[in-house]
Structures are given as C-alpha cells and as structure tokens.
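Here come two complexes built around subunit A, the first alongside subunit B, the second alongside subunit C.
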Partner chain A sequence: MTVLRIEDLHTVVRSRGRDLPVVRGVSLDVDAGEIVGLVGESGSGKSFTALSVLGLLPEGARVTSGRILVDGEDLVALRERDRRTRRGSTVAMIYQDPMTALNPLMTVGAQIAEGLRAHGIRGPEAKRRTLAAIEEVGLPKPDRIARSYPHRLSGGQRQRVVIASALALRPRVLIADEPTTALDVTIQQQILALVDELRTEHDLAVLWITHDLGVVARIAARVAVMYAGRVAEQAGTRELFAAPQHPYSAALLASIPSPTDTERGPLPQIGGAPPDLAALPAGCPFEPRCAYREDRCATGEPEPVHRGGSDTACFVPRERWGVRGDAMEEPA
Partner chain B sequence: MSLRYLLGRVAGMLGTLVGVAVVVFVVLRALPGDTITAKLGTQAATLTADQRAALRHFYGLDSSPVTQFFRWFGGLLHGDLGVSMDTGVPVTHLIGDALPVTLELAVLAMVIAVPVGVLFGMLAASRPGAVRDLSVQGVGLLGLAVPEFVVATVTVAWLASAFAYTPSAGTYVSIGDSFGGNLRQMLYPALVLAIGLAATVMRTTRSAYLEAAGSDFVRTARGKGVTEARVRFRHILHNAGIPIVTMVGIQFGYLLGGTLVVEQVFALPGLGRLLLDGILHQDYAIVQGVTLLVAAAFVVVNFGVDVVYRLLDPRTRSEGRRA
Partner chain C sequence: MIEVTDLVRHYRTGDGVVRAVDGVTFSVAEGETLGLVGESGCGKSTTAKLLVALERADGGALSVGGIDVRTARGPHLRQLRRTIQLVFQDPYASLNPRRRIAATLAEVLTVHRLARGGTVAGRVADLLDMVGLPGSVADRYPHQLSGGQRQRVGIARALAVEPRVLVLDEPVSALDVSVRAEVMNLLASLRASLGLTYVFISHDLGMVRHLCDRIAVMYLGKIVETGGWRDVSDEPLHPYTRSLHDAVPVADPAVESGRAHRTLRGEVPDPAAPPSGCRFHPRCPIAEDACRTDEPVLTVRGDRAVACHLV
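Up next, the complex of A and B:
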C-alpha cells in the first residue's frame, strides 16, 4: 500500500532575485514497510525533496507545483497551521549529525516529551510514552536516559534518542537524512539494523537519503537516483546494482571501490561537475558528462521510460552503451 | 556547584579586591597635590611649614604610605572605610546614602532595557535583512552613538519646556519617603540610561539569536511539530542566553560605577556624584571607598553571571555521570 506519494514535485529557491529550480518534477512512491533510498550527490535536490515533504524548507525556498500525498492527504495544499500538526505525527525525520540535532540545554526526555505535547499528549501519558519510546530504540534504563542531557550521551545513543523522538508519535513516513554518516562503522550497522527493525514493526514508509550506495544496498528495497533536481533512475535495488539503466547510476556504481579488486588501479571518477541550476542545459542535464551521449541528448530532456526493470530518464538504452567505450574517464 | 569551586571563586574574588585596593591607593598617592591644597585652594600657599605639618599630621598624611595603607586596609577588614577628610563624615555613611540611589537607577535602567533589548533583538533576527531588521538596527545604532550627556541634557530641557517639569530641581526623595515621588525623579534618568543599554542588549541578542537559529536542533524541534513561538523562546532564545547574560552582567557592573553623567545632569546624590566630589577634593578615603565598592560590585556581578551560566547550560555543570 502506498503511504507516501510524491507527484511531479517542483521546488525552487529564491536567489538573487531569481528562482532556482532545485527539485524539477520528482515523482516517487514509498509503500508501507518499505525503505526507498534517495541517492544523489550534494546539490542533486535530494535534501530539498525531503524538506518539501516535511514542510520545513529554508527561508526563500518553496514548492511551486506538485502534490505530496500521505495516505491520500495532500500536504502541499495544507495551511501552515495544519502542516505543523502533521510534522512529527504523520511525517517525521531523523538527521545526519546526532551531535547537533538535539538541543544541548534540554534533557532528552524533555525533548521527546515536547514533540508529544505539541500534539496534545500531556502529563503522565506524555511521560509514559517518552520512556516507552526510549525503551523501544534499545536504550537501557530509559528513566535515566530521559533525565540526561545530550552531552552525557554517546553519538550512537544520541542517534537512538533522535529516532525515539521521531517515532514517538507513530508517524506514517520517516525521512532519514543520512543518519549513519556521522557515526562509527559499528554504530552505523546498529542504527541501520534498528531502523530496519522499527520499519517492519510499525509498517513505516521510509525515505532514506544518502550518497552512500553501500548503505542503500544494505537497507533499501528500491532506489531513486537523483541528478540536477530530477530522478534519473528509479528501480529495485537488486535491479539497479545488477544492470543500471541510466549512465549516471552506472557511473556512480562504478566509482564504489570493491574489496575484491586485487589490482589497485585508480578509482574511476565522473568527469566534470554537476550543472549550475541557474544555467541548466537545454537537453539532458547529465549530457555534458555522459560517455554515451547521442546527438538528441543535447537538445531535449528525456522523460522517464520503463526499460529493463527501471524507470530511467535516458534516451540511450543500455544495449547501445558498449560501443562508445567506458562510461568513466580515468582521473587526470 | 561544589564547595571546592565556591571556595576557589571566593578566594579569587577577595584576591581581586585586594589588588584593586592596592592599585587605587598607589594611584591616588601618585597624583600631584593633596587634600590640604584641594581644600584650601590658593590659601594653601600662605600656610607656614609648621601649619602644613600640623595639618598633614591631622589628616594622617605624615606617616609613610605603607603605614597609611595598612591603617586603611586594617580598617577595611573591620568594615571601616575611613573618614572623609573634607567633611569628617565616615565614608561608610556617605556610601550608605549614595549607593541606594545608584543601585535603584541601575536596576530600573536594566528592568527597562533588558526586555526591550531582547524583544527587539529577536524581532530584528526573525527576518535578517528585512525592513524590521534594518530599522531596529538603525535605531539601535543611534541609541549607541548619541552620548548620554546629550540625551540627558535634552531630556531635562524638554521636560522643563514641555511640561514645566524639572526633575533635577529640588531635593532627592528616597523610596522610603515617597514611592511615587521617588519614581518621578528616577524614571527619566533611568530611561536615559536604558537607551544605550537596550541598544547594546539588542545587538547582542540579535547576533546570538541568529547564530542559535541556524542550529540543527532548531530544525529538529520544528520537525517534531513544535509551535513556532516555542521554537523561538524555548530553543533559540534559551541557547542565545549565554552571550546575552554575559552582556547584561557586564553592563550592570558598569552601570554601578558609570551613572556619573546622568546623576550629575539630574542632580541625583548617587555614587557617581560622591566619587566625583571625592576626586575634586582629593578626598582619598572617599575615592578609595567608592572605587573599591564598584570593583566589588563588578566581581559579585561576574560571579552572579557564572551562576546564571550554570543554570542556563547543563554542560557547564560538573556534577552527574555519563548515562
């Protein structure tokens, strides 16, 4: 069952009197109990997509068109007052850096309870649910944790608190903004396992934002690869890793170092830089960096087509790639 | 707050005050002239050597500076600040009369300036670069730039011409005598002091608020669905509190010794006036006593600020263990 449906979302950021398109027609579905990886490099629009869903765009940014449906309700159409009441209760978010995501001057219990109170849960009920939320994320002695200030907790503990706070109101959608990036590898694995477990338990729809394809492979059932504000390719994780249908996905996959590579050559890189959003090319935004580009790529922007188990926004089918050699350029 | 920390702090505070006592004493002695010339003016030149020696003996100026210092310092330990050489009144009495005036002025000015400064600082920071920000900042800059003596004089002149009200005429009415009468005398000087203070507090609040507003935890709070008002006060302002409290503390300490100009213009018998008279008459005991008092006030206010830090920020508290 589809819980989160993003339909043709467009988001712009006002910059020097102009609206820069940061999200350009993103469509994405996340089912209950499903984790969808949203992959892309900095500036690809993945964070703006997430913040649009949460309704927490920074000053100067706004959704210009499209719909964000959660259980059929369009969040974009809501007034800000109603939007606030959906935050935390319908859509919740966990963040990249657990060291800064918590208010240093409030006990973690107070911070979790604050979210509950903002949605009308007060008194002993708020306290009970705060402790239950802490317990649920596997932290020992919940009452002691609740009375602690963030600086008394380790990074992993804090991230668990952030997760507890996000899930305390049983939201339908969880947006995870690279929640493992700032953590030690062993802690990363624990947090991945925890989110995975809670997702199953609560039938959560999880949108997992990351630039780390390794994390995606570990946790996500499906992946959407973003480039220059659009979804370049959307596919099942298995299908994407086996046979990427977009040259950009292929290039991303090729730049993951493989531990089985015995010959340590230089790691392939994608030449060039992502396009300037203020001056997008007329054609496919990846065309200038693409090894498989054809003439028409420079003139028209491809719409997503279903091909080889993927939805890919590319004119050139995978079968035609090989002739032009490797997608990658050797680093200079 | 551990006992050990408290003892350390108190020792440090006392050390500072001893240092201040020494410096004030030495600096005063290093100035040319003495209380006799200051008191007698040109007539001092007609004194015979014997007369001068007798006077010096009378004022205790004939003993060595070291002896004088320890005599004064010994008195300090008993709470005796010496006697005004000019009037013969004990300095503790003079300060006892003047301190409440200045203290009231300072407190009143703070009570007006802090809420105004904080609220306008928040208003300015809520939309940096917008009209409200620029106007608040512009007015604030004006408040800082115009000197107190100008504002004070203009206020007095304006009150007199517009309302035929002269706050600086007549004798000082203490709170004990008449609350209303006292407030009528104190309100305008306090307002004058509050202008510069509010501007300072506003600027500090604005920058501290902006910095705190950019923190990740603010986004976390909004992401939980917390109301905007609560985000602003509970999360942003609270985290901006430390620089604001520091600034307010410094300003308050400064006010206790720095209301001189306003006291002079509004003819209020406060510490500033007392100090000024002391300096004009080279009345060592008064200058030493007031300076020491102001230094003590600074030290105590600083300590108070540290205590407030600990209340505001759990990271500065040492107790407790890792969970």
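Up next, the complex of A and C:
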C-alpha cells in the first residue's frame, strides 16, 4: 500500500533575484514497510525533495507545483498550522548530524516529552511513552538516558535518541537524511539494523537519502537516482544494480571499486561536472557528460519511460550503449 | 622509507591520559602504499600527525627517509618537511579562504626556496597541470572551486616541495561518489609517475583495497592486524577486521543479501580507560577468559601478522 506519494514535485530556491529550479518534476512512491533509497550527489536535489516533504524548506525556497500525498492527504495544500501538526505525527525526519535535532541544553527525556506535548500527550502518559521510545531503540537503562544531556552520549547513542524522538508519535513516513554518514561503520551497521527492524515492526514508509550506494544495496528495496533536480532512474534495487538503465546510474556504479577486483586499474570516471541550475542545457541535463548521447539528447529533455524493469529518463536504451569500456572517459 | 617502532602518543586531558597511539610498529618500503584502517579513536589520524611531526611522539622510534622524526629540529625538520607531506580530508579547512590558489602554492615554493621571482608562476602552473587542473585555477579563491578541485589543490600544495612520501588522511571521504574515482585515479597515477610512497588513511575498506599494497588495521591505539591487501580485506583473521569487513556495505545487493551482517555490539571504549587484556574483548564475538587478562601481541603468521589469542 502506498503511504507516501510524491507527484510531479517542483521546488525552487530564490537566488540573486531569480528562481533556481532545485527539484524539477520528481515523482516517487513509498509503500508501507518499504525503504526507498534516494541517491544523488551534491546539488542533485535529494535533500530539497526531502525538505519539501517535511515542509521545512529554508528561507527563499518554495514548492511551486506538484502534490505530496501521505495516506491520500496532500501536504502541500495544507495550511502551515496543519502542516506543523503533521510533522512528527505523520512525517518525521532523522538527520546526518543528530545534534541538528537535539537541544544541547535539555535532557533527552525532556526533548522527547516536549515533542509529545506538542501533540497533546502530557503527564505520566508522556513519561511512559518517552521511556518506551528510548527502550525501543535499544538504549540500555532508559531512565538514565532520559536524564542525560546529549553531549554525555556517543554519536551512535545520539542518533538512537533522535530515532526514538522521531518515532515517538508513530509517524507513517520516516525521512532519513544520511543518518549514518557521520558514524563509524560498526555503529552504522547497528543503526541500519535498528531502522530495518523498526520499519518492519511499525510498517513505516522510509525514504532513505544517501550518497552511499553500499547502504542502498543493503537496506533499500527500491532506489531512485537523482541528477540535476530530476529522477534519472527509479527501479528495484537489485534490478538497478544488476542492469542500470540510465547512463548516469551506470557510470556512478562503475566508479566504485568492486570488492572482488583482482586487478586494480583506473576507476571509470564520469568526467565534467553537473550542470549549473541557473543555466540548464536545453536537452537532457546529463547529455554533456554522457558517453552514449545521441543527437536528440541535446534538444529535448527525456521523460521517464518504463524499460527493463525501471523508470528511466533517457532516450537511449541500454542495448544501444555498446561496450562499457570504450564509453567511459579515459582516466587522466 | 618509513620505520615506526613501538610508537606512543598519550594526551593528558581532564578525564585522564588518552592513549591515542599506544605502541605501534610498522614500516613502509619506498614506492609502497600502506593503508591504515580503523574507526574513530583508533589512532590513525594521530599516527599521521606524528609521521609529519605536526605532533611529537612520547615514546618509540620513528624515522622517515632516514630522518629521525622525533628529534628533528632546524635544518633536519626542513628536510623532513621536504620528504613527507600531509594531505587533509577537507582541503577547505586547510586552504586560506582569502588567498588565491596561486598565492597559496607560491608561498610553499618560496618558503622552501624552490622557486623565486619569475620562476614561481611557471612552477605553480606545472603543479596545477600535474594534478589535472587548468591554469585558470591559479587566479581563483578556494570557495570558487568544487570539492574535487579543492582536493586537487591540496595535493598540488603537498607536491610543491617534491616530497617522497604523502600521508593521505581520508583524502576522498568528503567528496561526491563520482569525484572520488577521479581523485583516486590521480593518486594512483602520481604514485606511478613520481615514484611516491603513500600512507593512505581511511575508514573506507573498498578504497583502501583499491589503492594499497599492504593494510594495517588499528583499534584503540594498536595495530591488530596487518598484511597484503587481498589477505586483510578479503580473508581477515582478526575478529575486529572480520567485523569491519561485515559492517562495510558493498554496492551490490546480490552480495549484501547473502551476507551475515553480524552486528558488533557496543561502541569503541574510551581510549583514556582501555579495557584490560585484549582491548577488543568487550565487543569480541569469540572472546575467552584469557582475552580479558592477557594482552595479545602482534604475531607474525606467514606474510601477515595478527594480535589475537584465538586465531
């Protein structure tokens, strides 16, 4: 069942007197109990997509069109006050740096209770739910953790606290913005296992934003690859990694060293840089860097088509790509 | 090229003595690349600072290119700076934001009297070319460059003194995925063309496996395992290396779904109060009584070495 449905979302950021298109027609579904990976590099629009869903866009940024449906209700159409009540209770977010979400001057317990109080849960009920939330994320001695200030906790414990706080109101959707990037790998492993367990238990729809394709391969059932504000390709994780249909996804995957390489030659490079959003090319935004471009790629922007088990915004089917080796730029 | 014997660096803090590097021994041959792997607090970045004399060791022996790093002063220290250079994870933090790139590079050249007057601009252009940057970068400020370009400038600055060794501290961790490949390729080609020796510090086992000849794994100030790149990354012996190997996600769902994903319990203990016996024992899935009391030493097994009572 689809819980989160993003339909043709457009978001702009005001910069130097003009609107920069940072999200350009993103459509995405996340089902109950499903983790969808949202992958992209700096400036691809993945974080603006997430912040649009949360209604937490920074000053100067706004959604210009499209719908963001959670259980059928369009969040974009809501008044700010109603939007605020949905935050936490319907859609919650966890961040790369847990201190973004934590107040250093308040105990952990007080912060979780404050979130509950904003939604009308007070007194002993708030206390009980606070301790239950802390216990649920696998922290030992919940009452002691509740009385602790964030700086007394390790990075992994802080991230657990943020997860506890995010899930305390039983939201339907969890947006995870690189929550393990700053953690050590053995702690990342614990957090990945925890979120995976919680999404099964609560049938959570999780949108997991990351640049780490390894993390996506581990936890996401489906993946959307963003480039220049659009979804270049969206597919089942296995399908996308086995046979990427968009040249950008293919190039990204090829640039990562394989753990089974026995010869270690140069890594395939993409070359060039993503386009300036203030001066987007007329055609496909990846065309200037694409190894498989054809004439029409420079003139029209491709719409997603269903091909090879994925939705791909590319005119050139994989069968026409030729041999991978000669398509990649020769490394310097 | 590098000889490190029983190296020690302790910090005195309010919470006691932090044993950041606590008896580390390794060597790196000329032209070889050693990967130093480990998580926060393992001592890998402190080791990097000791190698380039940004910090001084409290014990042990350390020589680079025949120079005794611990005692180097005056002309010996200048000689050391020309032998070994450090490249940082975040070049943004290490570049002066108010200075054009040309001025940053020129400063290194003039301080070390490697160029002066009319020859400086030519040498700056050479350095930029060497790291694959266009000459126009010379007139830019750091904020006008992309992350990948800034890291190339960081590498150019390190190369300005024509060093024989680069210590690379997480040089690609802050970069976008597609840019990482470019910088990794640059490092490999510079190593080949200049005959450089590298110490490559990273938490990314995949990148370490791709670039290094040998790998040393650190935990709480000690080396727990060392050996050839394929041995350590593909067939790790030490339980900690095995846990790392399991924990690092691999960009292949077919591989991932078949893996055990054993979760290592707990977190890295406080280096001011390391556990008794083997420092890894509180988190170790196979620890026995002896591990709680007796500290294992790094023991040679064929062409690798492991510090564990049980493997």
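The working rule: the second predicted complex is superposed on the first by the 323 of 332 C-alpha atoms of A that agree within 3 Å, B and C clash if a C-alpha of one lies under 4 Å from a C-alpha of the other, contacts with A are read in each partner's own complex, and residues count from 1 in each chain.
What we mean here is this: a residue touches a chain if its C-beta (ideal position, glycine included) is under 8 Å from a C-beta of that chain, and two chains touch if they have at least 3 such contacts.
Everything numeric in this text was worked out from a predicted model, so none of it was measured.
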> Given the superposition on subunit A, are subunit B and subunit C in a clash or a fit?
Replying inline: fit
> If you stack the two complexes on chain A, which partner ends up touching A:Arg218: first (subunit B), second (subunit C), both, or neither?
Replying inline: second
>> Quick check for you: in the superposed arrangement, does A:His151 touch first (subunit B), second (subunit C), both or neither?
In response: first
> Who does A:Ile256 touch here: subunit B (first), subunit C (second), both, or neither?
Replying inline: second
>> Under the stated touch criterion, which partner chain does A:Ala278 make contact with: subunit B (first), subunit C (second), both, or neither?
In response: neither
>> I want to verify one number. Taking the Cα centroids, what angle sits at subunit A between subunit B and subunit C, in steps of 10 degrees?
In response: 70
>> Once chain A of both complexes is superposed, is A:Ala132 in touch with subunit B (first), subunit C (second), both, or neither?
In response: neither
> So, does A:Leu56 touch the first partner subunit B, the second partner subunit C, both, or neither?
Replying inline: first
> What is the minimum C-alpha distance, in Å, between subunit B and subunit C after the two complexes are superposed on chain A?
Replying inline: 10
>> With the touch criterion stated at the top, can you tell me which subunit A residues are shared between the subunit B interface and the subunit C interface?
In response: 157
> Mind pulling up the subunit B residues that touch subunit A in the complex?
Replying inline: 215-217, 219-228, 230, 234-235, 238-239, 312-315, 320-323
> Can you list the residues on subunit A that touch subunit C in the complex?
Replying inline: 41-42, 154-157, 184-190, 192-193, 211-218, 237-238, 241-242, 251-253, 255-259, 261-262, 264, 266-270, 273, 331-332
>> For the complex, give me every residue of subunit A touching subunit B.
In response: 54, 56, 84-89, 92-93, 95, 97, 100-106, 111, 114-115, 118-119, 141, 144-145, 147-149, 151-153, 157, 162, 165-166
> Where on subunit C is subunit A touching in the complex?
Replying inline: 39-40, 132, 146-147, 176-182, 184-186, 188-189, 203, 206-207, 209-211, 230, 233-234, 243-244, 246-256, 261, 263-264, 267-268
